[in-house]
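Okay, got some structures for you below.
Common to both upcoming complexes is subunit A, partnered first by subunit B, then by subunit C.
Let's turn to the complex of A and B:
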């Protein structure tokens, strides 16, 4: 596609630890179009955060290492870029919001200084211009007294305010892609809603593409267009948000959706997928979800199912849909 | 902030009073007194015991200790008088003023030297964590902290004064004279400051906000020197404050090695002659300097880390 901004092909990020090799991200492919919001969904430890850190190449290294694949941004492979070239992209073309805004902001610098740093570095603004722009950005993300907050330290702000500051920082250089790694997880529910609204309005105003990493399907339904469900380092289902919610294909996606409580329906106990995520050190042979899968049948334990494209364009990694081989794989 | 500073300074008064008491009574536990050391012991048949007794009376050494203490402190507080040396009969204040400058130059210079090198070594070690450079620098700082200063002083003298002829080895008549003694003292401080810097930096570089800085394209150098260092500074400042105290007292050895007429030597001479007023006054000056510097360090915390609250 012409307006594909980010094209990730067969990305493999492995962690080489003393206990063995951990395939945190294992052969992952997806694309992000200009203006698209893609949600990456999965349980803790499924590799969704490592995926986002891999795009910017800021995963912990050692032990982490990208051992294969391509990350094409505007057609250029980020994995071939030097560290210096990557620094020009980080925070400028692609920027990131983290989960816990208290620990993600530097406690000894004022909010303003942290926002200004990127502006001075990437946009070459002088101090005065950067300061003005920082106040402007704080106002844009809905901070009521930006002239005051700009000179305050993160610990003087509430959780929601801090996350707004994070967003202001991430937006400062008008990035093409905004990666939001669990941006609302650490916040109160009412604040969550405000932050989500903010992200939606930013997207409408600036047209930034968003990769939203979350385990909260409620958020996904609100703002994403496409959803990639990850399990054990791999994509298991990748489809538009409507299909995912209306007619999930992969048994794992089905399970995830069933574990969301439904308002107005009496439930004695919440549904949960039986078993737990396998340890990354020894993933089961065959389909990695098969030991927990209610629909598992003969081929599941034998060989890894391919990620097949269904007739409607959705992709799913499950033998139920790939018996006798994918149509296109 | 101002209120807090004043409060901290007022708190020094009881501290220093307690210190003065400990000094005053503990030095009287050392066997022998100034008069008998000066005139020889009467049992040996030297000086007339009546004369010794008369001298003791004259210096008030026969009064109860508590009376002596209050007289001594009273003179300091109300007259600013530190007393006169029993041995030289000179006023101690003049002698102290004269000598204090050398000691403070040595201690502050040594702390500064140790801090600059120690912090540099610590940061480099943290950047090259567990690599060859780190191992080499940590071995170096271990040696620096283990080497006694009288030995190190003589080695430096041997190399830079005797062999290379670059620097003077004796006395204190200018900046050039201060280099070797300051380096001797400073190298001792390098070890602890380097190790504290390294571990504090390693703690900080794994924090989330460092990842945030990286995600925004901040260079590694800037991350280490600005984002991480500022956060790592509090334990480093504490280590520097404590090291300053050790260098202050340690200066007496360096003063002896380099023949510098500083406070340390004055105190050592005082101790060997049991010159009570001299020992008390020099130790009190050392203690006051030390607590003042550490109060300053405490006040600096607030500038380094805005989360430190003063109340």
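Let's turn to the complex of A and C:
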């Protein structure tokens, strides 16, 4: 594809701890086109956050280490870049919105100063210009009285306002890719709706690509174009949003969708996936979902299924669909 | 007419605010500001609202963890709390709580057996052997293994820890359980397991639940009646089906609109609220919601709307509720 911005191939991020090697992200491949919104969904510990940290190379290291794969941004491998070159990319070409704005913002600097930092460093604006731009950005993300807020400290703002500041900061250098790691998990629903609306309108205005990391399937359905479902460090299904919600293939995706209660649908009892998420220290051999899968059959426990491309271009990691032969295998 | 198990009359719970250097007027955070409701035996009653609306404070006051400033709570015909009244331990046995965070609500130094037995020990129930039998039975009830009796909380996953919390709440054979966000710290697949377990237990032991949650979908699944709270007040109280199909309070409507629906063909999150929740330290005059309400008129700023029954069992505190209902095409 011509307009592919980000192409991740066989990424492996492992954590080397005293208790052993933890394959947090294991052989993950995906692409992001210009203007695309990709959602990465999964439960806690599935590796969705480590994936986003790996792209910017800001995972904790040690113990974390990328042991294989490529992260191609505009055709250049980010893993081959020096630390200095990475600094020019972070916050400038690719920026990130974190989950908990109170811990991601520095409590001893004013909001304005934190937004100005990126502008002065990457765009080489002087102090006055950067200050003006910061006020402009705060107005753009819907903060009333931006001239006042720019000189306030994070603790003086509410949760929703702090998240808006985070977004203003991430947008300051007009990034090509915006990674939003659970941007609304810490917020109330009415505030969440405001923030999501803001993200959508920003995308329409600037054409930024968004990688949205979340566990909330509702948000995915409302915002994303493509979805990657992760389980235990791997992609188990990767398709467009309509296919995922209307005709999910992987038993885990099916189970996840059925275990969410929906308003307006009368349910006597909720479907639940049996068992619990395996610990990353000892993933089951074979398919990592097989011990919890209701459709598991002979090959599942023995051998890891490949991520197969279906005739319609969707990808799924399950023996149910790989049996007839899989062209990637 | 079902029997009312719990009656709350004009309950007010305020938190005093520390004065700066001892100067100025004494101020309070009005967490619960004049709540009245009655909960029937055997029903699952949902209490929803955003953070800071007072739902947890109300729940904690019901089980006696907090003292009321004014008003009374009558449980099973007897007042359990009220001004200047000491807690009635006998009655609080019938009135238990499940906490939100299964990581911090279990003592890390106690074994699972000890954790679950704690309420029995506190109330001096049975002897060592009978308590152990009771705990083992409870563990089977909530889907834990008997071999796990001697393990410690850190050896369990979040979902299993919440099962321990449920078993502990059941230990004294209560009539009422206040569930304070019991599934919000859990993953989706585990959340469904716990919700199903709670529903099973309710049928088995004829329990009454006060289910506190910010997640309307979960409340819709588990509860019979729902009260929506905003800034310490109940703004709408109705049977589940009526509340979700034809909400009459503008805040309830906004809340429902704000939920992202897991269906790409159904667009949600439209007509959302602007602005933030005002501080409960300094609540707005008149209707507490008027600062964010699109229907706000002069009367809303001045007069607190009374609670009116606009449809059978459907109570709303809003000056313009009829207009809201009509705009929706629902019978008012």
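What we mean here is this: the second predicted complex is superposed on the first by the 322 of 329 C-alpha atoms of A that agree within 3 Å, B and C clash if a C-alpha of one lies under 4 Å from a C-alpha of the other, contacts with A are read in each partner's own complex, and residues count from 1 in each chain.
Note that a residue touches a chain if its C-beta (ideal position, glycine included) is under 8 Å from a C-beta of that chain, and two chains touch if they have at least 3 such contacts.
In this text the structure is predicted, and so the values were computed from the model without any measurement.
Trainee: Mind checking the superposed model to see whether subunit B and subunit C fit together on subunit A or clash?
Mentor: Subunit B/subunit C on subunit A - fit side by side.
Trainee: Who wins on subunit A residues touched, subunit B or subunit C?
Mentor: Per-residue touch count on subunit A favours C.
Trainee: Let me test your reading of the model: by the given contact rule, A:106 touches which partner, first (subunit B), second (subunit C), both or neither?
Mentor: A:106 contacts subunit B only, not subunit C.
Trainee: Kindly classify A:272 by the partners it touches after superposition: subunit B alone (first), subunit C alone (second), both, or neither?
Mentor: So A:272 only meets subunit C here.
Trainee: In the overlaid three-chain picture, which partner chain does A:87 touch, first (subunit B) or second (subunit C), both, or neither?
Mentor: Touch partner of A:87: subunit B, not subunit C.
Trainee: On the A-aligned overlay, A:222 touches which partner chain: subunit B = first, subunit C = second, or both, or neither?
Mentor: second
Trainee: For the superposed three-chain arrangement, provide the angle subunit B-subunit A-subunit C between C-alpha centres, rounded in steps of 10 degrees.
Mentor: Computed from the C-alpha centres, it is 80 degrees.
Trainee: Taking the superposition on A as described, I'd like to know which of subunit B and subunit C A:295 touches: first, second, both or neither.
Mentor: Touch status of A:295: no partner.
Trainee: In the superposition described above, what is the shortest C-alpha distance between subunit B and subunit C in Å? Please give a whole number.
Mentor: Least C-alpha distance: 5 Å.
Trainee: Mind pulling up the subunit B residues that touch subunit A in the complex?
Mentor: Residue list for subunit B touching subunit A: 207-209, 211-220, 227, 230-231, 304-307.
Trainee: Touching residues of subunit A toward subunit B in the complex: what are they?
Mentor: It is residues 53, 56, 58, 83, 86-92, 95-96, 98, 100, 103-109, 117-118, 121-122, 153, 155, 166, 169 of subunit A that touch subunit B.
Trainee: Considering the complex alone, what residue numbers of subunit A touch subunit C?
Mentor: Residues in contact with subunit C: 43-44, 158, 160-161, 188-194, 196-197, 215-223, 241-242, 245-246, 255-257, 259-264, 267, 269-274, 276-277.
Trainee: Which part of subunit C faces subunit A closely enough to touch in the complex?
Mentor: 50-51, 157, 159-160, 187-193, 195-196, 199, 214, 216-218, 220-221, 244-245, 254-265, 267-269, 272-274, 276-277
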